[in-house]
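Chain naming follows the written order as A, B, C, D, E, F and G, and within any one chain the residues start at number 1.
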Amino acid sequence: MAYNNSRNPLRALQKKIDNNILIRLKDGTEYKGKLKEYDNFMNVILTDASEFNKEKEETNKFEEIFVRGNNVLFIIPDAE
Amino acid sequence: MAYNNSRNPLRALQKKIDNNILIRLKDGTEYKGKLKEYDNFMNVILTDASEFNKEKEETNKFEEIFVRGNNVLFIIPDAE
Amino acid sequence: MAYNNSRNPLRALQKKIDNNILIRLKDGTEYKGKLKEYDNFMNVILTDASEFNKEKEETNKFEEIFVRGNNVLFIIPDAE
Amino acid sequence: MAYNNSRNPLRALQKKIDNNILIRLKDGTEYKGKLKEYDNFMNVILTDASEFNKEKEETNKFEEIFVRGNNVLFIIPDAE
Amino acid sequence: MAYNNSRNPLRALQKKIDNNILIRLKDGTEYKGKLKEYDNFMNVILTDASEFNKEKEETNKFEEIFVRGNNVLFIIPDAE
Amino acid sequence: MAYNNSRNPLRALQKKIDNNILIRLKDGTEYKGKLKEYDNFMNVILTDASEFNKEKEETNKFEEIFVRGNNVLFIIPDAE
Amino acid sequence: MAYNNSRNPLRALQKKIDNNILIRLKDGTEYKGKLKEYDNFMNVILTDASEFNKEKEETNKFEEIFVRGNNVLFIIPDAE
């Protein structure tokens, strides 16, 4: 693995564009949808997105949602 | 999708100017109104805005409201 | 609307100088007064200001108050 | 009012040097004393200062106190 | 030990690439997996990762997980 | 008072080097000791330091302690 | 004491490399071990480290641990 790669994990999201990803926020809420855009602050736009509460129940659907990066706990790049 | 696009999700809000958007804050409060202006910190000005509590009850109306970006949880760019 | 405008909502406060505005802080406290000065961090100086608690009761009056920007939740630029 | 003034509210504190000001912190504690020095982060040095709890009871006196800016909620520039 | 080394602990993670590491978040959750990439903000990508709750019970498995650095409490570079 | 002075309260600590100061942290804990070094982030090294809990009981003694600036609530430059 | 020294307390850790230090985090957890590396954000690598809970009971041992600086409350440079 090249040194540069190991210093830029965000670039790894580039190849997930148009794939389904899952975002868990610090408060436990999760958003699953197609990754449309993102930036270095982990601001992310998802399309065809679903919102899940801590009990993993679907609580909402959004055609498009813009999630602010500073609330993100983790991202699962390959969500089924 | 161009690489540059995928690195600047905030630019995607540009085409939503004058559209209705919905902003959810970290505390669960929501603001729905016409997007008038925004910046890279997600500071947003809405006009003809309504405030909703966590129970989705409308609690206030504002001709114009300036929401500070660091409180934003997510933005739904197409709110009916 | 010019592109530059849509990237600088804080500049929109410039035309509210000497108008009454309302500031809600994250803890629910509100300050209403005449906008005298502000900066890019949303630090704001109000004159002839009133403080309101969450129940919207007036709890204090200040000839001049300097509110630190990082506590601000939102600003209503036209408070009656 | 000049444009530059309206972008630098902290400069307004300059003319309060040696005056009594009141500082309320985020936790409700208040410090009243003579403004000796300050900087752009709202770090402030007061002399002949008193500390008050939320019930406005005086809880301490300090010849000199250095208050860290990031705890400040607001400053009242003219405290009697 | 060279002076430069002592000023860049993050560089020490470079030699752990492809090793199993353990990440504890501020909320006590832990993630164990193979270190794939990281950056100076401690954003980390793990593969073949497991999630553990505070009671050290495995609560989830992820082929790949992107953990946001600002939630990290500590990293154990050599997790068995 | 010179304008520059009023913009750099941290410089005022320079003349307190080797004097006893008191530091109160946001959680109410206090540290009293001889000021050895400090920087612009209010990181401070004290020697011959004592730790006090909120009830002002001495809970610990340290030959040398390095307090991280971002936890500091205030500093009393002249602690007896 | 030279002026420069008094402005860079972190440099004082340089001479503690390979010594035992103690780190207390904001949540009261403590880590004691040999200082291997550190940086200006107070990110620290300890070797032969022990973890202690608030009751000062040893709760874990780590050959090597990387503690994220922004969680640090204080560092005791000479831990026995």
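Of note:
Methods note: contacts are C-beta pairs under 8 Å (C-beta built on N, C-alpha and C of every residue); 3 or more make two chains touch, one makes a residue touch a chain.
This one's a predicted model, so the numbers in the text were calculated from it and none came from an experiment.
Where touching is counted per the definition, the chains common to chain B and chain E are A. Rounded to whole angstrom, the centroid-to-centroid distance between chain B and chain G, based on C-alpha atoms, equals 42 Å. If you average the CA atoms of chain A and of chain E, the two centres end up 19 Å from each other.
Averaged Cα coordinates give chain D a centre that lies 34 Å from the centre of chain G. Listed for chain F are residues 70, each touching two or more other chains.
Each chain touches its two ring neighbours, and walking from chain C in the direction of chain D yields C, D, F, G, E, A, B. For chain G in complex with chain F, the residues that touch the partner chain are 1, 3, 5-10, 12-13, 26, 42, 69-70, 72-78. Listing the residues of chain F that touch chain G in their complex gives 14, 17-18, 25, 27, 31, 36-40, 43-45, 62-68, 70-71.
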